[in-house]
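Below is the structure I would like to discuss, written out as structure tokens.
So that you can tell them apart, the chains are marked A, B, C and D in the order they are listed, and the count of residues begins at 1 in each.
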Amino acid sequence: MSELREECGVVGVFSPRETYEIGRTVYYGLYSLQHRGQESCGIVVNDDGVFASHKDLGLVNDVFNNSTLDELGVGSLAVGHVRYGTTGKNERANAQPIVVNHIKGSMAVAHNGNIVNSGDLRRELELEGSIFQTTSDTEVIAYLITKERLRTDCIENAINAAMHRLKGAYSLCVMSPNKLIAVRDDRGFRPLCYGLTEDGRYVVASESCALDAVGAKFVRDIEPGEIVIFNHDGIRSIKDHCNKNPKSICIFEYIYFARPDSKIDGISVHRARVEAGRALAIDYPVDADIVIGVPDSGLDAAVGYARESGIPYGMGFVKNKYIGRTFIAPGQAQREKLVNIKLNVIEETVRGKRVVMIDDSIVRGTTSRNIVEKLRHAGAKEVHLMLTAPPFVDECYYGTDVSDKSQLIAANHTVDEICTLIGCDSIGFLKMERLHEMIGTAPNVGYCDACFGGEYPAGRATTGKFKFETKLSESKKKEN
Amino acid sequence: MSELREECGVVGVFSPRETYEIGRTVYYGLYSLQHRGQESCGIVVNDDGVFASHKDLGLVNDVFNNSTLDELGVGSLAVGHVRYGTTGKNERANAQPIVVNHIKGSMAVAHNGNIVNSGDLRRELELEGSIFQTTSDTEVIAYLITKERLRTDCIENAINAAMHRLKGAYSLCVMSPNKLIAVRDDRGFRPLCYGLTEDGRYVVASESCALDAVGAKFVRDIEPGEIVIFNHDGIRSIKDHCNKNPKSICIFEYIYFARPDSKIDGISVHRARVEAGRALAIDYPVDADIVIGVPDSGLDAAVGYARESGIPYGMGFVKNKYIGRTFIAPGQAQREKLVNIKLNVIEETVRGKRVVMIDDSIVRGTTSRNIVEKLRHAGAKEVHLMLTAPPFVDECYYGTDVSDKSQLIAANHTVDEICTLIGCDSIGFLKMERLHEMIGTAPNVGYCDACFGGEYPAGRATTGKFKFETKLSESKKKEN
Amino acid sequence: MSELREECGVVGVFSPRETYEIGRTVYYGLYSLQHRGQESCGIVVNDDGVFASHKDLGLVNDVFNNSTLDELGVGSLAVGHVRYGTTGKNERANAQPIVVNHIKGSMAVAHNGNIVNSGDLRRELELEGSIFQTTSDTEVIAYLITKERLRTDCIENAINAAMHRLKGAYSLCVMSPNKLIAVRDDRGFRPLCYGLTEDGRYVVASESCALDAVGAKFVRDIEPGEIVIFNHDGIRSIKDHCNKNPKSICIFEYIYFARPDSKIDGISVHRARVEAGRALAIDYPVDADIVIGVPDSGLDAAVGYARESGIPYGMGFVKNKYIGRTFIAPGQAQREKLVNIKLNVIEETVRGKRVVMIDDSIVRGTTSRNIVEKLRHAGAKEVHLMLTAPPFVDECYYGTDVSDKSQLIAANHTVDEICTLIGCDSIGFLKMERLHEMIGTAPNVGYCDACFGGEYPAGRATTGKFKFETKLSESKKKEN
Amino acid sequence: MSELREECGVVGVFSPRETYEIGRTVYYGLYSLQHRGQESCGIVVNDDGVFASHKDLGLVNDVFNNSTLDELGVGSLAVGHVRYGTTGKNERANAQPIVVNHIKGSMAVAHNGNIVNSGDLRRELELEGSIFQTTSDTEVIAYLITKERLRTDCIENAINAAMHRLKGAYSLCVMSPNKLIAVRDDRGFRPLCYGLTEDGRYVVASESCALDAVGAKFVRDIEPGEIVIFNHDGIRSIKDHCNKNPKSICIFEYIYFARPDSKIDGISVHRARVEAGRALAIDYPVDADIVIGVPDSGLDAAVGYARESGIPYGMGFVKNKYIGRTFIAPGQAQREKLVNIKLNVIEETVRGKRVVMIDDSIVRGTTSRNIVEKLRHAGAKEVHLMLTAPPFVDECYYGTDVSDKSQLIAANHTVDEICTLIGCDSIGFLKMERLHEMIGTAPNVGYCDACFGGEYPAGRATTGKFKFETKLSESKKKEN
């Protein structure tokens, strides 16, 4: 029920044989990554250098049907994308993958992340005469690769060169006329992994759950800074950018974004959440009757809290699973009823009980206040709210929509004030020092906690990330 | 993940004042009953005797948008319906509510259930010159009411008279030019209840979760055999058909169909499932490491099993929540992967563990076999399958699609054979004698367990219920 | 550009062999009858007694695509319908053909016309307990046939009996489990004919242009009062109702409704219009430079006027052929520009000229005034308006939407007043005594000219034809 | 009924005041230019430098509805485009106008024509690192303007500079943050004109019929080579490229592409066609009974032939006006019936007659042969086919799809052979020397007749124009 949204999910497939199934393989992969982006999606199929693409606003199973998949035709390479879109307008033009044609053939790029210096790069490219048809930073990436491509002998070397210019978060699936290339930025902000099917198809995906969906066996994560090339010659890796910077995987991937059945950089997301629940139970012991989780991301942590505390685990809510993109939200007058429609309390579980409720985080606090109120309305005697994340106190520039500090309740209120505003009996945020426990103590395990008040590993965005478009136009519309 | 489907859900609203919101109130109610029928849906709004309707194949949030709701206009009465359709073809013509016009004004009927003597009634009506435009038994109900209406002074008395002719399961929302009427068959096979909003609107619904969704406070269940009339004069009840027969609520409403946040006839569905889990733990104790539930209906019972047995509760699966009506199912060649797409195992939870898995029931056994296989593939050492229902051994004629005995694994195999076929280490079905424990021991608590080998409280259908249409045509097409 | 609309067009096909093409044959037939109804359309295919249907609001090529046609499946019988709908609301429920199921099997009815005593018949049927699911009089026809079917040995005899009860205009395609039956009311208000393809399929259609479209050779018109049965035994005709009343073909079929390439009752529509133009030239000689027709129905008559008068024929207008059902009409502020969008003057033709402009008729006069103004704006020195119909002075009850006398300019103004209101230099209406010249002097050639002040051959409608629905509800909503 | 298609139509509007109507003004303009392109369309509205766009495959009234127009919002500038697309695939990505963002603000480009050196220019740009997201030459134009924009002080000067590089046919509507700019290539292959509404809005359009549609008064044609700038300072013209080359308006605009109510470069299209008919009557006198035109482009010329020859003009055909993009074409087995569906003969007009039939041109000859056969089937004694164009013997590189010489009947057969192949009694092509008579003898009246065997004023395309895409990929896919 968090109001937070991830930017994107990517999928890429290389098949040693041309097949009509390749578009459907990407479809099922995207479908299992739908939680990473619900605004638009797209698939590009590569038939021996000729690219066929279909993309549109909507969920994967709205945008694609048998007819649109059939039209994508046969191919041995394909990439796909689901998008939420934290930068750039929610327009069809911004749907990915982006396909560009240049002197060396076509290229498709699917991107998850956010380039912090895209404003500077864009300005620089524009001064050389480049034109941009979208407001997405993915077009900037495509340009940089293309520029380098003129100076290099192959696309992977062009990518390698372009990475020197790109700052920020990027996990990419790049498709050239005959290669599939997986790229992850040198700090590894966003996840990326690959697997192999029994019949020899390589599948690259943002999360391992997409490999499960298409029947591919997980092979390994792409390393931060690594470029992995899949083609008829097999797999090849370029590691020039590896191990130059400490790893900075977004800790919120574990807390909220990723699916619990995914493993990211060797750590089960489900396990990370259970551990967060345990940590909360240790740090915030409560005399209560039942532990419930707010679906879906609070459920795993509730199990952890219950196990650690010995308080029984219960089912507190039913979430309506039929919510679709076309759902008609209640008008202002009916707004307060929205929680009941999407999420209803199981009164049986909470009536007369002292309840520990686990959720992932608090952004503005509105949703949490509503849920707490519903629990009390259903008869809960006490409500203790436990969050599997520290308080949000700063913006994220690496591919999520944690933005606008003025909207963040924790950036403007003390924990006690938040407890009062939310209306709960007590409140517990996961402590910063517990974050590393979620993902284990292996060497080379670093994470980004900038939005919780930590360091910004790749700096802040150089131009206003949010409302980028408006600012752009305001600065320029007078010029001509 | 059961392959079973409920027939329908109904909603009705009476507002003391005309309002443009009435269509949206029904919309939110239907949306929360979507689990009761995903094939088609419809809403009829009554503006002072003039009925405006919209119905179509599809989910509630596909069929309705702001424009279609606006076109329904203002009104003080409205009824709605979601349908799966166990009888009659899945055609737009069979979508409900049915609107009929006759000498006393228009009438809309929304029906959940199945009339076992509809074949006889239909033949009788046809011999009097009646014509049928659908293959649904709801049209038979509408005819009977209309016929009686000619002999009676008001619609409620006509309904009362018609009920003498109707055999089987029916929970109805009937709308006349100025009344909303809730009707439940005299054995109460299907649930029906009503509530009241703060601003004085009465809401009738199949399940109490729909009352929560529209902000209505639950008042009470409609009694088996009761007719409740809502209009400007208030509420009135006719109980001529009450207490003539023992109650026969479908026990499978508790096991699977209803939402766990609903209460049916005074019993929380969630509680009933938790109790079923407890009973399984008592009857089938297992030496295991983790208890998991198959989403969604097995989760509540898993909590009950875990509590009773002391074995830890775990999250075993992630269910893809974006599955829509337009989802492209994999072709035959990819069929075995379907389970991974809809439902994926959380490997972290089960690897190296002895697993107790709770599901609601087994129909053909295919799905269960696949799930067990996935658990083993993910590293489960043992899988013990516990079902919150006894084995299906016979057909249902009261509004579900448990049909065709030849397809029912339990009608053709012993429990041991089933265990082998499914591939689990042990299997436990809820015992028949435990069913009554699910719903308590209050007086007047009876239930229908015909499909588990119990009695058929209202007899079997007199004409072939399934493939009704084909048989009809086969017998008739030669006649003319 | 007339604001008048026909009610409907019908098509029926009997093929001696089952074929997947049968739905497409009806599709092409309906497509060529699209001018007879643009609101909704439908096709029903009969596969050995099992009826598959698809109908919806929209044009033929919006409602049907390869997928919907494929779903209709194989069959040896099919009927189709295009509808404008002068009676009953423009709702999907009112789309035809109507399919009803009764004791003797299914029946589909497609109807062009209007039953004047449908109000009485409906009330009578309702008093016997009949229910109506549409507001269309076609349902009344279906009921009457069904009632008689119980007393007769075959459907054609049931139709024959029902015709004694039906008053008004009806050309029907009726489909039983194994027969296609064409029926025309005993005065022949609406056209109906049949043809035969080379491979032995019989095709019934409202106009002969539909036979051309599907490659069928015209055989003959159905006679007024005739019932023609097509089945595996060949063709059979029942003529009990023939020659009981004088023929009353709607003269406006020739003037406006029908396509000029159709022949109706032996007379070419194109020829009838040319003759009307000639008659106008004789009765209203004008000293002019050019004769132009308002597309499309005025073009043929303009050729006749030009030939008779010796004044050159010219192309005066371009009509936008891409107008679709979804065209966005200009708002009130832009309304005056609407004529330019749909119809633009060819300035080259009229600048500096004295223009004779031929149109079919004047209803409210608004359109004519706009067109005359456009001609003057384009430089026409004089505009003489010639109409191929006498003035509309009364309502039509036989299947067109000439209604509401208060809206008819000619019912409320003299010819001189009309000339002034329209803004033309002179105006000439076809004289009543010329009407018969349009369709020749063969014996048994009668026509209906009621809307021009003639007799009503079948009387006026017994209940308010227009706004039937509202009246119905007003009289009834208080009853219950 | 010609199989030829125009590439595109463009519309641009500058309003001195911001208005919500601006999108609708473009909509009506595009709607009246629909004959110039039916594959895709788009509108871009400029609200003070922020561009909102909507474009898609489909007809104007399918792609746009009130909701999509509302979303375009308010603005003082807007451009629109309808496309057939002779170059580049029929993909949504190729829909226009193209919107690009660069350092000087956004720019939208709508293009009618074809750049013959686009292959060279594209290669040159790609070597500088440019990327292309479409296969349309319009993107090349946008790049060239952008590159020049970096070196110039305003967009109009950038366009002026870019025109030195562009060879071929282009009529453009360019929109910058605060200017609307109309551009026509220096030979004026494609038409372009502008008008003014009473409330001060300037409207640029491919044809004057679009000005009529939106209520703008025609002001003048854009001169070949001219750049006209519309903004708050009024109108300004740059004529550096004017009068450097002889004018080469596509003569086929008059013969077929343009609407007869349009005037192009001072000449009425209707008049040009009438004159062509007259010329045919002089050069090919026939002893016949009736002159008919093939709709729509043959009708005007038939009037001219009839006037000159004294043979009566008649209506020979009815064209189905409801043909839409979604019309289901008959399968191979039914192909021969297609002519009857789209176009039916009025038998009354031709039976027993010697017929002169006027059409615009013959491409492959298939359609003409079908039509002649239909006339004979309907009873025509003789059929004399007159074409208002000389024989097509060569390809067009300037924005039409006259391509592939191997398909052109006249490039491979003598006139006598064509007459035999078509099956007519005689055949007459407009003589090359008559072409100039169609458009008058004013000074500076030149035209392009390259496809009829004349000179190619701007040379042939330097890369294969047709199947451009495939060749591109073939040459490149091996490179990487």
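The definition used in the following text is that contacts are C-beta pairs under 8 Å (C-beta built on N, C-alpha and C of every residue); 3 or more make two chains touch, one makes a residue touch a chain.
Each chain and its UniProt protein: A, B, C, D = Amidophosphoribosyltransferase.
Being a predicted model, the structure only gives us computed values, none of them experimental.
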**Study point:** Intersection of contact partners for subunit A and subunit D
**Key:** none
Revision key, fill the gap. Relative to subunit C, the most remote chain by C-alpha centroid is chain A
Point to revise | Geometric centre distance via CA averages, subunit C-subunit B, whole Å | key: 47
Practice item. Take the average of all CA coordinates in subunit A, do the same for subunit C, and state the distance between these two points in whole angstrom. Key: 59
Revision key, fill the gap. Taking each chain's centre as the mean of its CA atoms, subunit A sits from subunit B at a distance in Å of 37
Check your understanding: Residues of subunit B touching 2+ other chains?
Key -> none
**Study point:** In the complex, subunit A residues that touch subunit D
**Key:** 48-50, 53, 91, 93, 98-107, 123, 126-133, 135, 142-143, 146-147, 150, 154-155, 176-179, 469-470, 472-474, 476-480
Review point. Which positions of subunit B touch subunit A when the two form their complex?
Key: 21, 24, 27-28, 31-32, 34-35, 38, 59-62, 64-66, 69, 209, 212-215, 259-261, 263, 268, 270-271, 296, 299-300, 303, 306-307, 312-315, 317-324, 326-328, 330, 334, 337, 340-341, 344-349
